[in-house]
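Would you mind keeping the following structure in view while I ask a few things?
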Amino acid sequence: MAENGAKRIRLGMVGGGTGAFIGYVHRVASRLDGDYELVAGALSSRPEVARESGRNLGLADDRIYTSYEEMARAEAARPDGIQAVSIVTPNHMHFGPAKAFLEAGIHVICDKPITSTIEDARKLAEIKSKNGARFLLTHNYTGYPLIRQARELVESGALGNIRVIQAEYPQDWLTEAVEQSGNAPGAEWRTDPARSGAGGAIGDIGTHAYNLLRFVTGLKTEAVSADLTSFVPGRKLDDNVHIMLRFEGGARGMLWASQVAVGNENGLQLRVYGDKGGIEWRQDNPNYMWFTEFGKPKQLLTRGGSITGAPASTMNVRIPSGHPEGYLEAFATLYTQFAAIIRGDGAAYEGLLPTLQDGVEGMEFINASVKSSQDDGKWTRLSDV
Amino acid sequence: MAENGAKRIRLGMVGGGTGAFIGYVHRVASRLDGDYELVAGALSSRPEVARESGRNLGLADDRIYTSYEEMARAEAARPDGIQAVSIVTPNHMHFGPAKAFLEAGIHVICDKPITSTIEDARKLAEIKSKNGARFLLTHNYTGYPLIRQARELVESGALGNIRVIQAEYPQDWLTEAVEQSGNAPGAEWRTDPARSGAGGAIGDIGTHAYNLLRFVTGLKTEAVSADLTSFVPGRKLDDNVHIMLRFEGGARGMLWASQVAVGNENGLQLRVYGDKGGIEWRQDNPNYMWFTEFGKPKQLLTRGGSITGAPASTMNVRIPSGHPEGYLEAFATLYTQFAAIIRGDGAAYEGLLPTLQDGVEGMEFINASVKSSQDDGKWTRLSDV
Amino acid sequence: MAENGAKRIRLGMVGGGTGAFIGYVHRVASRLDGDYELVAGALSSRPEVARESGRNLGLADDRIYTSYEEMARAEAARPDGIQAVSIVTPNHMHFGPAKAFLEAGIHVICDKPITSTIEDARKLAEIKSKNGARFLLTHNYTGYPLIRQARELVESGALGNIRVIQAEYPQDWLTEAVEQSGNAPGAEWRTDPARSGAGGAIGDIGTHAYNLLRFVTGLKTEAVSADLTSFVPGRKLDDNVHIMLRFEGGARGMLWASQVAVGNENGLQLRVYGDKGGIEWRQDNPNYMWFTEFGKPKQLLTRGGSITGAPASTMNVRIPSGHPEGYLEAFATLYTQFAAIIRGDGAAYEGLLPTLQDGVEGMEFINASVKSSQDDGKWTRLSDV
Amino acid sequence: MAENGAKRIRLGMVGGGTGAFIGYVHRVASRLDGDYELVAGALSSRPEVARESGRNLGLADDRIYTSYEEMARAEAARPDGIQAVSIVTPNHMHFGPAKAFLEAGIHVICDKPITSTIEDARKLAEIKSKNGARFLLTHNYTGYPLIRQARELVESGALGNIRVIQAEYPQDWLTEAVEQSGNAPGAEWRTDPARSGAGGAIGDIGTHAYNLLRFVTGLKTEAVSADLTSFVPGRKLDDNVHIMLRFEGGARGMLWASQVAVGNENGLQLRVYGDKGGIEWRQDNPNYMWFTEFGKPKQLLTRGGSITGAPASTMNVRIPSGHPEGYLEAFATLYTQFAAIIRGDGAAYEGLLPTLQDGVEGMEFINASVKSSQDDGKWTRLSDV
């Protein structure tokens, strides 16, 4: 991959103070390819945490903020102000900063799901950003090289007409009521409707699986029939998600997401079958993907390995096949390709990076599923929520 | 495993003439452990085929029949007549012979699904067999040692309360319209409602997956919500099956069966998760099973390998772990343990072998799923069909 | 596979009384395809064991022998005498019966290694059998369909010139000194030089790995450099085997066999690399084989699956790919194809079944390796022992 | 992992101009955790390449050098001079810069193998560095969390006394004579004795496998018996390496490294067996490791997953188990922990990072193996070269 140390983008961050997992991930992703330099942050609303976190990260004192509004204003005014900002707060705190920075003409990188309500998502999508500020939603799994290759295989017709899509994302970390212990802050807000929104597992991981199948197949979803369950006593949001899907053109799908599937760490898996071929990919060993042409032996494609004609899949490969890349590299790819778009040399990545529109679709998926489940599994159109 | 060459059971067969796959499988299963000797057959309704097939198999000419009625009558009358019969005809031809032999006091081994209609299944279940003749339904996957062990793990409480069950059985052999070529007799009747019954993939392989999850978990199904599709133009029955399930006690499940999932040969898979542990098993590598106790590393159990207290799982292991057993061995286990029951020394196997009642349940599952799919996925109780 | 119930071959057995593992395996192998009927046996030298074992297996009392000499004489004289005999005694007891039956004109099926000394092996190879009696050495792993396919791929040139061969057979059942407990009869004789011969692990499993690489590649071995170790205190024979090999034409190899590799049940593995392609196969999941053409993605071949032009690999497939076959099926294939040769319709199998000559080569391999190890790893030619 | 943005170490680089693979990897490794800032470089001896590469990376013009001697002198003299330097030139160009920077009091991070000759390695080890400058040899595979855990398992006695070690590193990228095309600069110098040293595959990848087994087991090697081969016509150095090893205390091992094993990308694998347990790990799926206690089921350990008491294995885990980390993360761990040592807060990492002494041992391994192979496999002591 190209290195652009000479043209680093000045980055800020909202949320992500010491101890916050996803903020840390965003910072690593911004550093890995050397395209960003973190120079400002509203890392916490608690002043001491904000200050200490900022200093640890090497921020200058005058660029450590405790409010995103102040940060947006101040940075927009500086000649050396940030060019982009990463928003890594809990879901219900995405909308405010995203709006503020877009309106200030600062590019926004936002964790998923885009907001905690569909109304916020739609409002956000209508904001007129200043100076062409762009928006990146970090559906990070789309950054895996073989997921890019999967998309290209579908587009190229190698799978024929898509018939069946099986997506799943089982975990087991919420098998017990850890959110009620008070010791698991990540678990706490993720199971709290006020901060997470209407969906639990479906918002946290179901949207990832859904976004992934949309990214790879390009198929529009017509309707869903869902059965959402909360197995752990006292849990307010779903921790297991069963959904059947119908796509435009007739394809059918299933999506399973679970936080109580004992023995699964992050078992995101996508399988797509057409009338000519099939692909199968798992996130826990992401450098390999099965590709079968009907009537021929299964082929094990490797990241950056031997298959022709897949430019988008190789343009984010850093090291030779056989040397594994992982979650952070895929995350970094979104950052790096967004940097290219910001710099104006990222035409090749247009259309590949998740946008506001993907965010709205993700919320429609969550809301339609929740509604279907409340209606005893009634097939529910995504356009009806 | 014990060998009982001295007490071989005299076996007959209905269907299974030269070229028939499942008849061949039943014969191998009957031979493998040496508990049966094939001595009579109505292998085909076409006299020449019946005769040639019978002679190839070493049957005496006077025990080669062309009608099962005649065979039941004649064999019941002989002092050396058959003690058991295998029925390996297409689904719609199970009921007649099963009734005839049970009423003649001859034990019946019958391929699945039990019949082509639920009415037939229920009638069969009510037949008073003569002389205590028994019935074995060959849901052969229940014969795998690790499936027996899975059942024991659930029964022992090692998984805690079951929450989530994911069953699937993808194949790809009907990706194209082979049944319309006239060259694929197995494909032809399996896609013909007159011979198969109301279900295609759901009857052929969906019932296997369903029977397996019932066998392992013991949970009663409350209701299903189904979406059955026929993807191949001109195909009269479903070739892809998506089902959500609700079980008594609150567990939820998904079942996927497909004959158009390119790259899958016989990908039967069962995953069961409780509040204490989880298990995962695949038929295409059946000598291994994952078992995870929550909070501990995954363990790879092996057929006959190192784990304590699982008698039923080891009583059908033939060779040391690390030397793979497969489909034929699991099938043979049903035959062999049924032979023990026939001989009167099979008390240990009572309750383990699939019965008429399992056959009826399988038909209820098929019919409820077909009905739910016709009703746009409405949750349908198995007791309502 | 064809069934030949009408032309069953009358079989006898030497060794294999109740409780003997390998005798049981040979009997299952003889039954599975229905080509043999066991009618006589010298199952034990202890009269009561011989009698009880024979009766359990359904042998007539007058065909239960306590000496193989007597059995050879009596059976050769009967009009309905055995046509073939299986020899399943410990290694040092192979030579006597093999000689007796060959000279009596009875076909011999003999477990490996062929004898306990190379002198015996060579003497056996020189015996003039009566009436064209044939000899089968049960190197059973050569019966796996994908091993046949591997051999065909090599022969066809798909791998190009072979360069590197990596064979291994790790187990862990002798990690502790079970043979000294008196409770493990199989372990006892296998670690006793008087009954096993000069090699421990090398004779028990090393020869299997060696035979397999010879079968697949056809390459003659020039010389070996070996390091044999006995790790368990008090053990008289090697339990870990490290060997480097040089083949005619310049290929190089490594062979590792171990009975103390904790975590391995029967991890027989073969990997062969040429200048055009490579193959990789493991016995513990034998229905799959990797095949890579240089510069292309790895392909996962399946038993009986989608690849063209491999007749020998499909002629021993019983059930569709995706339904696993295992150890017993591969073993049965040797029996069944040997039956075809006996019946005179087995021309297709000539050259595929392990012979006396393979037995001699196996002993040369054992002896050369033991000698090399005693000479501190000196490269030792197989022709020099 | 901690982030230390506030205390970044000023880094220089020798070698690694545009297009050089390993230089790129070192830069990513230095950036990933945010502990270094690249500020100077002698990236190429060709002035234009040096300048353009430096500018691309954002170096100031006055810190772009074309000679490492000049760079060492100039940087040592600057108040803001580099604190550490990465040496990423071909092997024969390691010694000069390493010596120069150590003597200038600048910490050295050097790619492996340490030098191209053992004499240079030993001379380097005797250099008195100024101001306590430290040396890191980037045997990057030791940075994988599960390799750290493997080492701890061995140290803790969980495997008991080590008996057998199987290490391998197969690749296939040199299956054909790419180095003779002039288009593959990486292949070119790696197959040239003048630049690589006496070993080909053994120096490039064999040393990695060797270092890994030494790191994990801690066992000293007594002697090796080697068979090195060059299969590709015209190739000057070995492309396939077969070695048997004897360790102090009686353990035995095998090491296979190959650049012509078709179908292998970077198949580094380590298996270690003791009298109580065994471990098995592969680099191409590095987030998993098998651990078996004798007589119990195999356990699949995961990076950062559920097993107690393994501090060193978790102190370099960045993200939750189930989210894969890879090659770059493992490489970065060496950089990051070396940074901690430089800063003075890295006591926990002392003894874990590869040193000059490991470099000397690696050269002894190469030289003893080459010598043994020239002496027809004679067991050769590492202390004798």
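When the chains are written out, they are named A, B, C and D in that same order, and each has its own residue count from 1.
Convention: a residue touches a chain if its C-beta (ideal position, glycine included) is under 8 Å from a C-beta of that chain, and two chains touch if they have at least 3 such contacts.
The structure presented is a predicted model; accordingly, all values stated were derived computationally and were not measured.
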item: Contacts common to chain A and chain B (chain labels); value: C, D
item: Fraction-based call for chain C against chain B, same above half, different below; value: same
item: Pair sharing more residue contacts (C-beta pairs) when C-D is set against A-C; value: C-D
item: Chain at maximum distance from chain C, centres defined as averaged CA atoms; value: A
item: Chain centre separation (chain A, chain C; CA means) in Å; value: 55
item: CA centroid of chain B to CA centroid of chain C, Å; value: 34
item: Where chain C and chain D are represented by their mean Cα positions, the distance between them in whole Å; value: 43
item: Junction residues of chain C, two or more chains touched; value: 264, 291, 298, 302, 305
item: Contacting residues of chain A [partner chain B, same complex]; value: 159, 163-164, 166, 168, 172, 175-176, 225, 227, 229, 231, 240, 242, 244, 246, 250, 252-254, 256, 258, 260-264, 271, 273-280, 290-294, 298, 376-379
item: Touch list for chain D against partner chain A, complex; value: 3-8, 21, 24-25, 27-28, 31-34, 38, 55-59, 171, 173, 264-267, 283-287, 302, 305, 318-329
item: Partner chain C, residues of chain A touching it in the complex; value: 291, 295-302, 305-307
